[in-house]
Structures are given as structure tokens and as C-alpha cells.
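Naming follows writing order (A, B and C), and every chain is counted from residue 1.
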Amino acid sequence: MSGELEGLLVILSINTIYAYGVFLAASSGQLNLGAAGFVTLGAYASGYLTNGFDGLGLSIVLGIPIAVLFVGTIAFLISFPILRTRGVYMVLATFAFAEVVAGVVINAEFLGGAAGMPVEVFIPFYVVIISAVAVAVLCFYFMSTRFGLAMRSVHDDESVAILFGVNARMVRVWAFTLGGALLAFGGALYGHHYSYVETQNFNMLLSIYILLYVLLGGTQTALGPFIGALFFTFVPELLKAFGSAVGQRWIEDGRLVAFGLIIVLMMVFRPEGIVTRTMLTKMFTRKSRALEAGE
Amino acid sequence: MSILIQQIVNGLMLGGLYVMVAVAFTLIVGMLNFLNFTIPALFMVAAVTTWATMAGGFGADVDGVLVALLGADNRWIAGALFAIIVVTLASLVIERFTYRYTKTKYGDSTEHALPLVSSLGFLIAFEHLVISIWGSDVMTVASPFGNASFYIGSIQFSVPQTISLILSLIIVFLLSFLLQKTKLGRALRAIAERPDTALLMGIDVGKIVPIVYIIAGLLSATAGILFTLNYTTVDAYVGDRVASIAIAGMVLGGLGNVWGAIFGGLLIGMLEVLSIYFLGASAVKISIWGLLLLLLIIRPTGLFGHTSIGKGKF
Amino acid sequence: MSNIALSLSGVSKSFGGLVVTDDVSFDVPTGSKTALIGPNGAGKTTVFNLLTGVYPVDSGSVKLNGKEITHIPAQDRISNGLSRSFQNIRLMPHLSALENVMLGQHCRARSLRHQLFPLGLLPENRWTSQARRALHDAGLEEYPGQIVADLPYGIQKRIEIVRAIVSEPSVLLLDEPAAGLNEAETEDLLALLQRVGSKGITILVVEHDMHFVRNLCDNVVVLNFGVKIFEGSPDNVSLDPDVREAFLGSDEDDEAGSSDFEGDSNVT
């Protein structure tokens, strides 16, 4: 496998894990504009736990799960006050949370402060890719359970879901918590693969990008977030390759401009995102009808 | 003690700029019920446009014309004008692609976020447009006003910054007056309270909403122009930094509350400067955003805000 | 086992200064099919909202099978055996018909084991089978996989009712289930509800279609301006002077707006 393709697959894998982290909350109706906060916590916590020199020197098999559990607990605790807010306020609260995390981490000298922190233990690319696949499978499983049904009911009509016995509050808390844990996992993998973490990697723009490509992919099904991550990872690369092939620099430089404008257009023409349930149902009905006809 | 007062004064100066952006944010949240992230983008566009006009960023030909017409020291006038034109046009385009689509078929909370998401798309687009033209490094320009300052007692006031603060306050007072006393203002407030009833009452919502966008855009643009003239260094990410602080000011003052935004903007400016002075530059984020997070949880309506905003809508 | 499935006692509710429900008391006998009727604005849907806990009562009490449920949170009422449908369709638009129906099963599947069971991945399991059967019984066997937002109004209405039935309630509250249905669909609905009733489920239905009420119900409660003005047999309801006044007005004999009441009466 070429180095460049390998690099891209790692980026896709990490973006996919981030996407599922934000997706879990979004599929139960909550927009998390502070994903970077959880990513930062996961990256730094796991790095600190596994670093031999400046950290606790735990084995990676312990370090990463403990870090994920730690961040998951923070997400759980913080979800109660944050999920009491609604709409604009909730978006702002998640945003504020990410800024507070960035602020705390920058000041933590034992974590390297503003200069960032090197991560000693290395995770090779195939582990990252396998992890992303595992996360995707986990989320597909989740969405197929009754809990997943409860999440999607809360998304569509919370009051009615409550009348049918769904504990909407706890559903949203758990969706948010698990999402935060996944984001932390993504951060941990990032840190251990690129061997360095600094808060500049995990800033407000990251939170915005993740939310945008999750919404771009579609929050109705478990396929959406992967498609969103795929789009965000490869379309700019394709544009870059296309741009250099035709010798036009502006296409290369403008690839993220294109991303922004695509988002705007999507909100106008297809706000549900690329992958919708109706689309999947139609695709599968055609397939099964074709199968029947062929028999 | 005088050092403390000096810091407070510096904070007020800084706050003066944030005030306009905070008011722009709060205006759109109050009137149209969503967080418009294009406001910091427009701030940045105005700041960069002003810089580019002053520092030859549009190429030698354009620069030559400007110098010939105005003289090198006065290019900022063209910069300011150009920034205002660009931002006004941009505001109209943005309005077409955000507010018009707030009516969705099945209004659950993520679909109510359409305008917010659109505005984020525009933010990304504008930021990268600037980066692709001028790069992501910091860009500087010589200030046309030099470092003139005056003293009251032992406290130093920078002339350009004081002018900016006064200008900001005048503009915001004018805006407030517009909202309270004029017919347009009443129409705007009617739309904020109940958009559907406003339509029935004969208010031409379709004509007025673009005006709101333009007002917000002009506020951001003025702040951006003044920023370049005062602080002389800009980059493509300056909008993000202002966004954080302006949003903080808006939340503090209460979403939708123009006077609250003024108060909040000034207070946040002071908080920032005082935090840097007493606790060090790195503590700024924690103090401001920690306060904000607490505020959102305990008293989301801020110090003076409305309660009607934010119930599931963006 | 009490013979009164649902009992309201002095239930009152105001919104701001407006009294919507005023000291309402009535009983719904177990196994009965009771109609709750009244002119528009009489407070019928509000009664449903009070029964299901959407709003808290200002005063009074509600008993379900003898158990006091007045202060039980909305989320827990369905597991006590009270389930409902809505006047304006409140299905989950992005879910399929089958999934919507399966939401009705939620109150019977609250344990962690049930919550984590991969319903979507195992095509035939007892929950999906039961939901499919329920749709089949209602004549909706063509629709399980379809996203409800894409389905016609009449179909959606019936899916909503199936959703309520599937929770295996002891009392089923239906808010204008026949509204917007054509004749054939209304007949199908009647047959379905007769079957539901024959299983011992008590039905309380808000309706304006008097033909429907006469064919289904053995008991009628009439509300007007939030006050109960009649409770008794459907045969007597059109004779009651208070009821006639509420629907027809005191002076006029025949109002266009009340023809849905008068037109079906064969007792006058």
C-alpha cells in the first residue's frame, strides 16, 4: 500500500470515528458543537497514561480504554447540566465546554502546556483502520437496537416518545455520553498514531468540521456519518488532484471553499443529508423486487 | 492602582470592538432565532479587505490607482468603503441561503438548525477563500494614524482606540434608538416576537429580514475595519477569535438583548485584559468560557435576557 | 378487579385565566366503548392530555383500574395500561411503519436486555413478528418497511392506532380516529376496534362522527365548555335538553354546523 493512500485511510478512519461520536448525539436530536473538547481530553489523557517518561507508563491496552472511560465519565456528568439547556443554548454550552477544555489543557504544565505533548507509544495504521471499522459496526448495532429506536424517536418527537414510556432524558444523556467516549477514542488514536498532540489540532474549526460532515452525510441512518467522513476526507483530495492535473492552483486552494459552499447548498436542497431512510428503503425495495423478478 | 485602572481602560477599548460584533450576533439571535456564524466571518472579511486595500493586497495595478487617487496614507478610506460594499453584498447572499429556509417539513431540533449550519458553511467558505488568496499567515500594515495617545492623569488612552470606542457606542446607541422609536424598529421587534403574526399585520417580512442581515453585517464590518486600523495585524482566523469573545458578551448580556450585548461586550473585554494581567494570557479562555458555561447552565438568559429564545429553535 | 377502568373526579384545568376543564367527573366502565363528545373547544383533547400526563391537573383525581395516577409522570402512565392516539398524526416521520408500531412496545421492553437486543439485525424476532401481526390485523400488511412520512394520511392514522394497541393497554384513548378517513376505511376501523374491544380492552374515543359513535359505543359522555353535561347511554344522548342546546343552540332547530349530530339521529 502506498504511503499516501495509507495516510489517507488513517485520516478517513479517524474522521469516521469522530463522525460517529457526533452522530450518536445528533441522531437523538442534539447538536454537539464542542466535539473538539472530548477529542482533546481523549488524546491527552491516553497520551499521559501511556507515556513512560512524563506519564504513567501504562500499557496501551490499559491506557486507551481507561482514558476513554475517564472521558466518558466526564461526558456523562456534564451531560446532565448541558442537556437541560435547549436549542441555541445547548449549542453554545457544548461550544463553551470545548473552549474550557482547551483552556484547562493549555495551562496544564504536566501535559506540556501550549507546546503540546509528545506521545511515545505508536499505533500502526492498520490498528487505526480496524478500530474505525469496529466503531462503525458498533454504531450500526446500536442503531438497530430498541435503544437506537428510542434515540430516533426522541429525535423525531420527544413529547410523544415520553408518552410511550421512553425516558427521553436518559436516552439523550447516554447518547451524548457514548458519543463523547467515541470522540475521545478517536483523539487517543490520533495522538498515538501521529505521536504528538497539541490543542491547535483540536480547535473550534475541528468541532465545526465534524458537525458539518455528520450533517452532510445524514443523521437518519448509521451509514450517514461514514459517508460524511468519506466525503470530507476524499472530495478535497480529489479536487486537489484534479486541480494540479489541470494546472489550476485555485481549484486546489479552493477545495475547502467548495466544502463550505456545498454545505450551504445542501441545506437548501437536501437538508436531511446525503443518506436518508427513504433513499435506502427505495434502494432495497428495488433490489428485492429485482431478485424476485429474476427467480 | 493606576495600573489596574489602565488595564480596565485597555479592556474597555478592546471591548468597544467586541460590542459591535456582540450586538450583531444578538440582533440575529433575537430577531431570527439562530446563531449566525457568518458574523465573525464578515468581521474577518472586512478586516482583511481593509488591510488588503491599504497594503497592496489586490495587486500592484489596483494599488497604483488608489495611491494616485488618494495618496498612500489615505488608502484606508477606500479600504473602509470597499469593505462595506463587500460585506453588504455578502449579507444579501447569505440571507438568501439561510433565513429563507427555516421552514422545514418536520421540525425536529436538528432540522431547526439549518440556518446555523448554513452559516457555518459560509464561515468555512469565507475563511478558506481568504487563505487561498493571501495565505494563512499574519498580515500587517502600517497604521495611518500612528501611535497618537493622550493622557488623563497617568492613564494612557490611545487616540484611534478611543475614537473606535466612541464610534462603536454611538452606532449601537443609534441602533437601539432605531429599534425603540422608529417604524422600522417596531416592525423588527414584531418579527422577533411572532414572525407569523407579523406577516398578518402587514409587515413585509420578506423585505425587512434582508435589512436585518445588512445591519448585522455592517456592524461586523465596522468592527472589522476599526480592528485593522487599530491593531494593524490581521489573519484569516481573526474572526474565530472575535467570535468566541463576542458570543461570550452576547450570552452574558442575554440573547436578543441589544443593551445587554453592549454591557456584555465591554465586560468581556475587561475580563480578558484583567485575566491576562492577573492570571497570565493562558488563563483567559478558562475564565471567560468557564463563566459562560456556568451561566448557560444556571442562568441561560444571561444578566438581562429574554426567555423566549432558544426553545428548540436555532 | 374494579369494574370502572378509568375514573375522573373533579378534574379541573386552567391555562392562564381560561378555564378549559371545569370540575369534570365521569366513569368509564371496564370493557366499555365510551365516546367523549362535545362541540369544538369543549376541552376533550385537554381531558386526554390530563389523563396521559401531558399537563398536570390543577385539582381533582384520576384513577386507572382503581389506582390513583393523578401525579404519576407522563412517562410512566403507559406502563400502567393507558395508551393513546392523537388528533393530529404524531408518528415519527423518519421511521418506518413497523418501527413506529414497535415504539408502542417500548413500555413492555424497558429492561437493559431488551434495550440492547438488535431488533433491526435479526429479521424475525418476537417483537417484529408481533408488530407485523398487529399491522396485518389492521389491514396494513403492505406497509411495514415504508417510511411513514411517505404514506397517505389514512394509512398513517391507522398505523398510529396500531401503535397504541401494541402496548397492550387496559384502556385505549383514541382522539378522533375516524377523522379524514373515507367510508371503507371507517368501516375497517370500526371492525378493528370491535376486535380490540372484544379482547377486554376498554376504549375511550373522542369523535365527531356520530355514525361511528353509534356503531361502536355503548356509553357516551358529553362535554361543553369544559363542563360535563351528560353521561349515559347513546340512545338517550340526543334526547337530553342540555346536549341539544350545546349542539344545536337554544333558538335554532337546525344548524348547518350541527348536522353531524342531528343527521344521524333516528330517535327524535
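Everything below uses one rule, namely that a contact is a pair of C-beta atoms (placed from the backbone, for glycine too) under 8 Å apart; a residue touches a chain by one contact, two chains touch by 3 or more.
In this text, all values refer to a predicted model and were calculated from it rather than measured experimentally.
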item: Most remote chain, CA-based centroid, reference being subunit B; value: C
item: Centre-most chain, if every chain is reduced to its averaged C-alpha atoms; value: A
item: Between the pairs A-C and A-B, the one where more C-beta pairs touch; value: A-B
item: Computed distance of Cα centres, subunit C from subunit B, in Å; value: 52
item: Whole-Å gap separating subunit A and subunit C, where each centre is the average of the chain's CA atoms; value: 42
item: Between subunit B and subunit A, distance of the C-alpha-averaged centres to the nearest whole Å; value: 30
item: Numbers and ranges of subunit C residues touching at least 2 other chains; value: 93-94, 149
item: Residues of subunit A engaged with two or more neighbouring chains; value: 155-157
item: Residue list for subunit B, restricted to those that touch at least two other chains; value: 106
item: List of subunit A residues in touch with subunit B within their complex; value: 26, 29-31, 81-82, 84-89, 91-93, 95-97, 99-100, 102-104, 106-107, 113-114, 155-157, 203-205, 208-209, 211-212, 215, 219, 250, 253-257, 259-265, 267-268, 271-272
item: Footprint of subunit A on subunit B - complex, ascending; value: 29, 33-35, 97-98, 101, 104, 106, 108-118, 120-129, 131-132, 240, 243-244, 247, 251, 255, 282-290, 292-293, 296-297, 300, 309-314
item: Complex contact set, residues of subunit C against subunit A; value: 52-54, 74-79, 83-84, 86, 90, 92-96, 99, 102-104, 106-107, 109-110, 114-121, 127, 145-147, 149-150, 163, 167
item: Residue numbers on subunit A that touch subunit C, as the complex places them; value: 141, 143-150, 152-153, 155-157, 159-168, 220, 276-278, 281, 285
